[in-house]
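Next come the structures, one after another.
Two complexes, one shared chain (chain A), two partners (chain B, chain C).
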Partner chain A sequence: MAKQEDLEAAGSARRLTRRTILVGAGALAVSPLLSGVSFAQDATTMRLSWWGSDDRHKKTLALIQLFQSKHPGLTITPEYGGFVGYQDKLSTQFAGGNAPDVMQVAEPGPLIASGRLLALDDYIAAGTIDVSNASKSVLETAKVNGKQYSVPWGLACGCYFLDNQVFEDAKVDIPDYGWTWDEYAKVAKSLSKPGFYGSADIWAAAGTRSLAALEVFLRERQKYAFTPEGKIGFGPDELTEWFTFWDELRKAGAVPPGEVTALETGFETSPIITGKAAMYPINSSIASSLQGLTKHKLTVAPFPTGVGSTALKGDQYGAFVNSSMQIYINVDAKDKDLAAAFVNFVLNDPEAAKIQLMARGVPASSKIAELVTPNISPVEQSMVATVKYVADHASPGFVPWPKQGSEVQDLMQRSHQAVAFEQASIADTVSQFFDQAGQILG
Partner chain B sequence: MATNARTVRVFPFSQLLTHLVLLVGAFCMLYPLLWMIGSSFKPDSEIFTELNPIPRSLDLTNYIRGWVLGTGTSFTTFYFNSFVVCAGAIIGNLLSCSLAAYAFARIRFRLRGMWFAIMLGTLMLPFHVTVVPQYIIFNSLGWTNTFLPLVVPKFFAVDAFFIFLMVQFIRGIPIELEQAAMVDGCNRFQIFTKIIMPLLGPALVTTTIFTFIWTYNDFFSQLLYLSTENHYTVSLGLRLFLDASGQSAWGPMFAMTTLSLVPVILVFAFFQRRLVEGIATTGLKG
Partner chain C sequence: MAIGHSSESPTATGLSLSRAGARPKRARKPLSDNAYGYLFLAPWLIGLLVFLAGPTLVSLYLSFTDFNLLQPPKWVGAQNYITLFTRDPRYMQALRVTFTYVFTAAPLNLIFALLLALLLNSRIRGIGFYRAVYYIPSLLGGSVAIAILWQQIFGLDGVVSQILGFFGVHGSSWVSSPKQALWTLVILHVWQFGSAMIIFLAGLKQIPGELYEAATIDGAGKVHRFWFITLPMLTPVIFFNLVLQIINSFQAFTPAFIISGGKGGPLDSTLFYTLYVYIQGFTNFRMGYASAMGWILLIIIGVFTALAFLSSKYWVHYDDAR
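The block that comes next holds the complex of A and B.
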């Protein structure tokens, strides 16, 4: 046994030396790598990061080529992938001090709060980033604590997608952009037949349209989902009216019962795709993706209005435009002026717009949007027209959602679900909603 | 066995019924996979509109469209990268984990029990706890956007699961073999290479297969360290097709996902018996 111990001692001593040699060799192997990196950083480089699909990647790479051709000596490193994991990667990169210079951000809140993103106000004031053709109200929605951290890299609005085939077969006219809730209800009823519904419901098991859609109605009465102090911005009367409007349509067979709506796991399995409904409320930015899933021609219509309507009546236009995608600059960007120039380039350059088309939604500059309209698909043209109509008619005013906004959104979804499945009366659901929302918002 | 045979003869229907139930169960479990394979032959406009998962024709358009992306990069690159990372990880795990396992199983050193416990404790450490510090280290080494952060750690025996597997296996090998080798004048390293490694076969096969499957399927660490498309692996490449806003390509995505299953299924089919062998023999000795 003594011999074995000796052997072990000898073995470990030998391994120690071997390890030392390995470490030394490793350090040697790494050193050229390190110097290589520092050399690369001396040239003018900029890192641009985004998520998207193949189509957006292709267009953005072409965009980078164009910007590089205008700035000789500059190399932009593109970093892109899918949406899943994007924010996790970005947060880790920021924590590791290795974040990109210019980027899309999925959840900007925490990054702005910790001072990682650059406020663009100085660049806007100096005209380096020209926002004169961009919608003022949308710019306003992107402000945090009065500062502009991003500019919209595309616009969208809540809208209805209409299945033209069904309208034609039923000999019902496609509604005007200015349609009222009364007209909406009438169209929905006239398109319905057993097993088929005129319109998808306003709530869905997946997605976020429940509270956002209610806000369209609230804005007709100069109210918002939340108050500036972060409390609920509406009363039981409005919520009762809202639930009742949809409940009547559900009972009339114009929107599907709870068990049909609950099958929707995303827009891929929405009733307009599975052939169960002719109208579908969602954000306009999915136009191309949605059209790709069906052979029926789709058109886009704005949300109905309560002006001149008996149902969901209001005295101003409720629908509004939001940004579908924003562009941000890292506060530690190597060349901030260049980064700002890139932001201005994607926002205002006509050649850039012809490359991007609708890859990130409707261009934020109205002039640019008009310029590219001939180059895009029919469903995208109707998306552009809808966003323009809504932008022209939207009432000013905006209240940002508080931190707990998404929790209230979930609560609204559950409440609407309870009514749709007839688990609780509208009166009980409404009072429960306000109790629970009060708890969430403190 | 005899009773079993008699039961079968007396109740031939019960076995038929068992098989029927198993077949129905297997079909239900496999249905999502069959749906995906069926969808990979359909145009986008039919994938969600038609309930029948069987495509009308074996149209290969999605496979051709999906293989080369609009950005010019193709799945040839992604597969090559995936296999490079997998090969590096497998070699690293085989070399380093077997060495570490041998040390824990056979060499007596100070606080061995404690080190072993700490090593096992790393199994319980959630991945997310170590992500940021690791990223900072690899970033300061200038290793981001290279395969090094995915491969180099494997050469330092970081996969405690495999070490544990091999420790159990080595403990089952009679110590007399090593003592005999020692008498013949072998030193520690020679014992390891000439006696232990050849006998470790089944455990090494298990390690190879699991390392391959886990590395091939890994998404987050590859996403984190690989930033440009020419470094992407298959699991990152599959994420390039879909995004709600903009234009999505479901058909090509399903087609490429179907193809991406082939290596895993092949590896599993060829090594299945040895895999079971490896686990069974290590499990015998506690």
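The block that comes next holds the complex of A and C.
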């Protein structure tokens, strides 16, 4: 019996061997593929998308390297470019189901409304994304329907960049942080000479000026660009006053005529860089990029105030701090935990902070901001001081823009142009603005 | 059997044999020819159906909806079309800009191309080199780099302002002035005369030399030969170029997009039709509205092309009608 069993065992063993060889050979042949498969599962990929200038591109690419070194096997695919067309491309990617995992978003309204962006509240509650050192008031501005969809990837405020060389040559003092609109107008006029303008205009053909700048003035009177219901938050009187203030400066030669302003396609071609103006209003977060384009020393000043001013008068401080840009996660991100880890990394990691410095404005975490402040350039020091001044003086309150906000902003830009190119009177422009804004907002 | 089967036909005459033999062949051959034809056609045909015909039909449906790209479309009937013609001043501006552009840029481009073709249709040394040089702008013309170059040339301190300044015309910045920005784009289009020029050149080469010889003997001068031989003989080519130009210039997009930073400014003076379609569709998320605009543009181009064809029998002379 034993023999029989042995024989059978031997027989089956022999049969098995034949089979084993085949199976073994097959397994051998497939094994590289299998390991390939398992490798591919370990090696995650993540797509990160942003807009910016060269300085920001370089720093963000270095940031990606650092994050990858902390997560072996992870590959982050960067997708970056300039601001013009960025949102159009991103929206199309979302529509096609092909959007990046983590990204800057210029106009989050429609994406949030259609549920394409991830609410971060769970990650914040779990501490995966630590916002304990971030500015509460700015975090509040990024909430939609009580949910936190993004965290600020840098803080900024509307500000004026000042060309110190021109001030020195003209023997005009650099204004204090608390300057009024009256003082602004006076400085702009005193710096002007034929072919040169004291200040750039408040609108630009590209970018996001005009409505955002108007909001600084509106806030002096406890008003906002929009009402919480998504209607226009101001009246014809304020807009008339605003247009008139700028029109008078334009006629006095203190800000450039329309065709000079329309030449600006981005801060790279702004009048302060092309040598046409000494003061330039824009978001403070571009400080280091802007300084890189001119040999003249630049400093930063907050927007002027209407308190104690006769022009654009108001009874509270209008300027305010916002996030220069925000970081969002795609609701369909491949690995949401990893994406959240990346968000936390850009917000709180000290090493990351030393790479980013001020590439997106003042770091949102106050701890991180203090840590990197000694390492930054003079213009960035001046930017940090300005943002701090504005944060200390800003009045509370904030109304988020509705999803058609940027469309209204474009309308405002065209209205500014109608006045600047003298195509329509201020009165007609104002009434047309309200007509068309009403149509856009439905 | 096989032999017997084939021996059925030899009973007929030689002629009918060849016919009978050819018939099955003829029936088989076209079939397989067609199959191969369709096979080779397939990549294009599939591309046409999937990427052109399909989306075109979908856009017709979308033009009757409110569609923001991200949420499902909502049927609104003819609302988009009604809004376009009754409540959208920017649409009217886009039509004005586009028609101005088409009716100036297209004819100017053709005249310029014809003049250069006449110049380059001579036998001088290195003519091939000159032809190549004059064609280069067309290779570059639609590109982003050229649009940026244009911005510099017609900008505030650009070459054009400086040259005009030398002659005492102290102008402004051409690209950023609402009155002149469109004209810089017309000039840009005219500058891209190359492809029309090449077609004209080919047309000029086709005109039989004996016509000129006969005319010269009859005492016709250069001007007469141009008006009575060159131009009439060239009308089919002019017609072809004209149709192409109408279609192309209605669809102009890139230069305006680059020069105005995607906004059609200053003050909507370069708001081309296609640019407005883009702004509404991809910037403002009104894809239904943009689709309606796309269909109207299709009709406009169709009408103008049809007009060109209808008019052609009055002014286009084909060779065989000689």
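Everything that follows uses one rule, which is that the second predicted complex is superposed on the first by the 286 of 442 C-alpha atoms of A that agree within 3 Å, B and C clash if a C-alpha of one lies under 4 Å from a C-alpha of the other, contacts with A are read in each partner's own complex, and residues count from 1 in each chain.
Heads up, the rule we're going with is that contacts are C-beta pairs under 8 Å (C-beta built on N, C-alpha and C of every residue); 3 or more make two chains touch, one makes a residue touch a chain.
Just so it is clear, the structure is predicted and the values come from calculations on it, not from any experiment.
*Asks:* May I ask you to decide whether A:L347 touches chain B, chain C, both, or neither, giving the answer as first, second, both or neither?
*Replies:* Once the two structures are laid over each other on A, A:L347 reaches no partner at all.
*Asks:* Once the structures are superposed on A, label A:A418 by its partner contacts, choosing first (chain B), second (chain C), both or neither.
*Replies:* The answer is second: A:A418 touches chain C but not chain B.
*Asks:* In the overlay, answer first, second, both or neither for which of chain B and chain C A:V390 touches.
*Replies:* Neither partner.
*Asks:* Kindly classify A:G361 by the partners it touches after superposition: chain B alone (first), chain C alone (second), both, or neither?
*Replies:* first
*Asks:* Which partner chains sit in contact with A:T265 here, chain B, chain C, both or neither? Use first/second/both/neither.
*Replies:* In the superposed model, A:T265 contacts chain C only, not chain B.
*Asks:* Touch check for A:C157: first (chain B), second (chain C), both, or neither?
*Replies:* The answer is neither, since A:C157 touches no partner chain.
*Asks:* Of the two partner chains, chain B (first) and chain C (second), which one does A:A339 touch, if any: first, second, both, or neither?
*Replies:* Neither partner.
*Asks:* A:V105 contacts which: chain B (first), chain C (second), both, neither?
*Replies:* A:V105 contacts neither chain B nor chain C.
*Asks:* Any idea whether chain B or chain C touches more of chain A?
*Replies:* B
*Asks:* Which partner does A:D88 contact after superposing on A: first (chain B), second (chain C), both, neither?
*Replies:* Touch partners of A:D88: chain B and chain C.
*Asks:* Which parts of chain A are touched by chain B and by chain C alike?
*Replies:* 84-85, 88, 92, 95, 274
*Asks:* For the complex, which residues does chain B have touching chain A?
*Replies:* Residue positions touching the partner: 44-49, 69-71, 107-109, 131-132, 135-136, 139, 141-144, 146, 182, 187-189, 219-220, 223-224, 227-229, 232, 236, 239-250, 252.
*Asks:* Can you list the residues on chain A that touch chain C in the complex?
*Replies:* So the residues of chain A in touch with chain C come to 84-85, 87-88, 91-92, 94-95, 110-111, 113-114, 116, 205-206, 257-263, 265-266, 274, 276, 404, 406-407, 410, 413-414, 417-418, 421, 423, 436, 439.
*Asks:* For the complex, which residues does chain A have touching chain B?
*Replies:* Touch list, chain A to chain B: 3-5, 7-8, 10-12, 14, 30, 33-34, 36-37, 49, 51-58, 61, 77-85, 88-89, 92-93, 95-98, 154, 156, 267-269, 273-275, 283, 285-286, 288-289, 292-295, 324-325, 358-361.
*Asks:* With touch defined as at the start, can you tell me which chain C residues reach chain A in the complex?
*Replies:* Per the touch definition, chain C meets chain A at residues 68-71, 87, 89, 151, 155-156, 172-173, 175-178, 260-263, 265-268, 278, 282-285.
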